[in-house]
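I have a structure here, written as structure tokens, and I will follow up with some questions on it.
Order of writing sets the labels: A, B, C and D. Residues in every chain begin at 1.
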Amino acid sequence: MFSWPIRVYYEDTDAGGVVYHASYLAFMERARTEWLRSLELEQDQLILKHQLIFAVRSLTIDYLKPALFNEALVVESSIIKLGKASILFQQQIVRKMNDSSELLIDATVKIAAINAQGETKKAILIPAEIYQIFSASTDSN
Amino acid sequence: MFSWPIRVYYEDTDAGGVVYHASYLAFMERARTEWLRSLELEQDQLILKHQLIFAVRSLTIDYLKPALFNEALVVESSIIKLGKASILFQQQIVRKMNDSSELLIDATVKIAAINAQGETKKAILIPAEIYQIFSASTDSN
Amino acid sequence: MFSWPIRVYYEDTDAGGVVYHASYLAFMERARTEWLRSLELEQDQLILKHQLIFAVRSLTIDYLKPALFNEALVVESSIIKLGKASILFQQQIVRKMNDSSELLIDATVKIAAINAQGETKKAILIPAEIYQIFSASTDSN
Amino acid sequence: MFSWPIRVYYEDTDAGGVVYHASYLAFMERARTEWLRSLELEQDQLILKHQLIFAVRSLTIDYLKPALFNEALVVESSIIKLGKASILFQQQIVRKMNDSSELLIDATVKIAAINAQGETKKAILIPAEIYQIFSASTDSN
């Protein structure tokens, strides 16, 4: 599991007094970006070297409890299934307080490898060397 | 079915050259807001008169094709199931070009009625008079 | 003067109960985009045909009164000064209620013509045929 | 001077391939929030204890060079003038690379103390004990 901290700023909230429901998707993407960086994979380099973009193909999200302005959250990301052309993540957003942890968001996100060239965004295989890195990372968890 | 047009501006796109994946959630919420308005239900009045907020409880979304900068889209929203405390919508985002229509996004969104007071956001029943309006609207489609 | 209506949705607001201060910049950009469209200039075509992007070079903004969730606003845009490589706009955001109009936002925005190619975003002259369209539009107002 | 690091994610960029111009305002607000936190002032507590919100009253921003996807930026914030009811900040956003530092954004932001109660957002004086903290912080820099 890869954990990434998120701080809730005004930009993330709405007039309902809670985090806007679409903002959690951005939080989860930051966490996936930082997970890649923790494997020494920088997305701008993946585009340059491999013409590779990781794009969201589908997702399911349950909004269990709202996060509030100024709270400190953690996005916890795990690979459920590593495919040849896609990765299925479970991503949960929790609020840590003292010793307890409250589950706010529970999501499953399918990421596809797509070709960075052109506007058609065709699906491609994950390059072998990168697949190996993902696979090793999954085994070690 | 309720149709609401969306124009894609720079704010909605990302460096991948397409609409940012979380922006579609905002598009779909605009469409639900305008659907309510088409029924003469204004959300600020629902809060004042009924302490009622409609909040996203869960959603599933398939990203079939990307929308691009400057495109004209349409969000098409239908009620799949009207419950006593929640509404299940199907929302599709399509690109209209000439006579054809391309499906870009296919989503199912569960909206719950919640109490506007306090931060706990407790689920409540949809007030009867509003339920009647929704029910009449569904029948007529 | 070019007027463009804006509806305030949840996405535009923050936990302070008002429109988030950066959201007004997006509202003003939508208005400039629609002003271009009213002159039959589509920005995706400007990029393809002229390698031309209009980018914000600087802006000054006064937040006079906050806009609230669900309000109907109008962005009023006028060219103050049309230069060979830039346009200076005044953009005001007003709330229309009954017969009165309240000024919420008063901004001056300098837009520069830049080359769409590459990441350096070099300043260029506004192509002559487009300058003519802007000039004619300014005269007629 | 208070420095706060910012990482550029997809959510911050637009189809022009650079950071969206309104996103820098959010970056600067994160930095002001973290500056308050560095002084042990939490904004949710300021609302509860002092009915105090710090809101942007006006700003001037120069976009000198664009920031790109995935870059590591730093927001550098200094108080130019501490008033009884407002604070004038200079905020600069720089890109650090190796030993050099490139200035991308140069902004002056006026923050006013306003009453958190009600929608009128009336200006108030900065409470004395908080003014002292700001004043001490300015002296020490």
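FYI, contacts are C-beta pairs under 8 Å (C-beta built on N, C-alpha and C of every residue); 3 or more make two chains touch, one makes a residue touch a chain.
Quantities reported herein were computed from a predicted structural model and do not represent experimental measurements.
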Chain hops separating chain D from chain A, counting only touching neighbours: 1
Most remote chain, CA-based centroid, reference being chain B: D
Copies chain B and chain C touch via same or different residues, half shared test: same
Chain centre separation in whole Å, for chain D relative to chain B (CA means): 33
Length of the line joining the C-alpha centres of chain B and chain C, rounded to whole Å: 27
Where chain C and chain D are represented by their mean Cα positions, the distance between them in whole Å: 24
Residue numbers of chain D (touch at least two other chains): 10-11, 16-18, 22, 26, 29, 68-69
Chain A contact footprint on chain C (complex, rising order): 10-11, 13-18, 20, 22, 68-69
Residue ranges of chain D in contact with chain A within the complex: 7, 9-11, 26, 29-30, 33, 42-44, 68-70
Chain A to chain B touching residues, read off their complex: 16-18, 21-23, 25-26, 29, 53, 55-63, 65-66, 68, 116, 119, 121
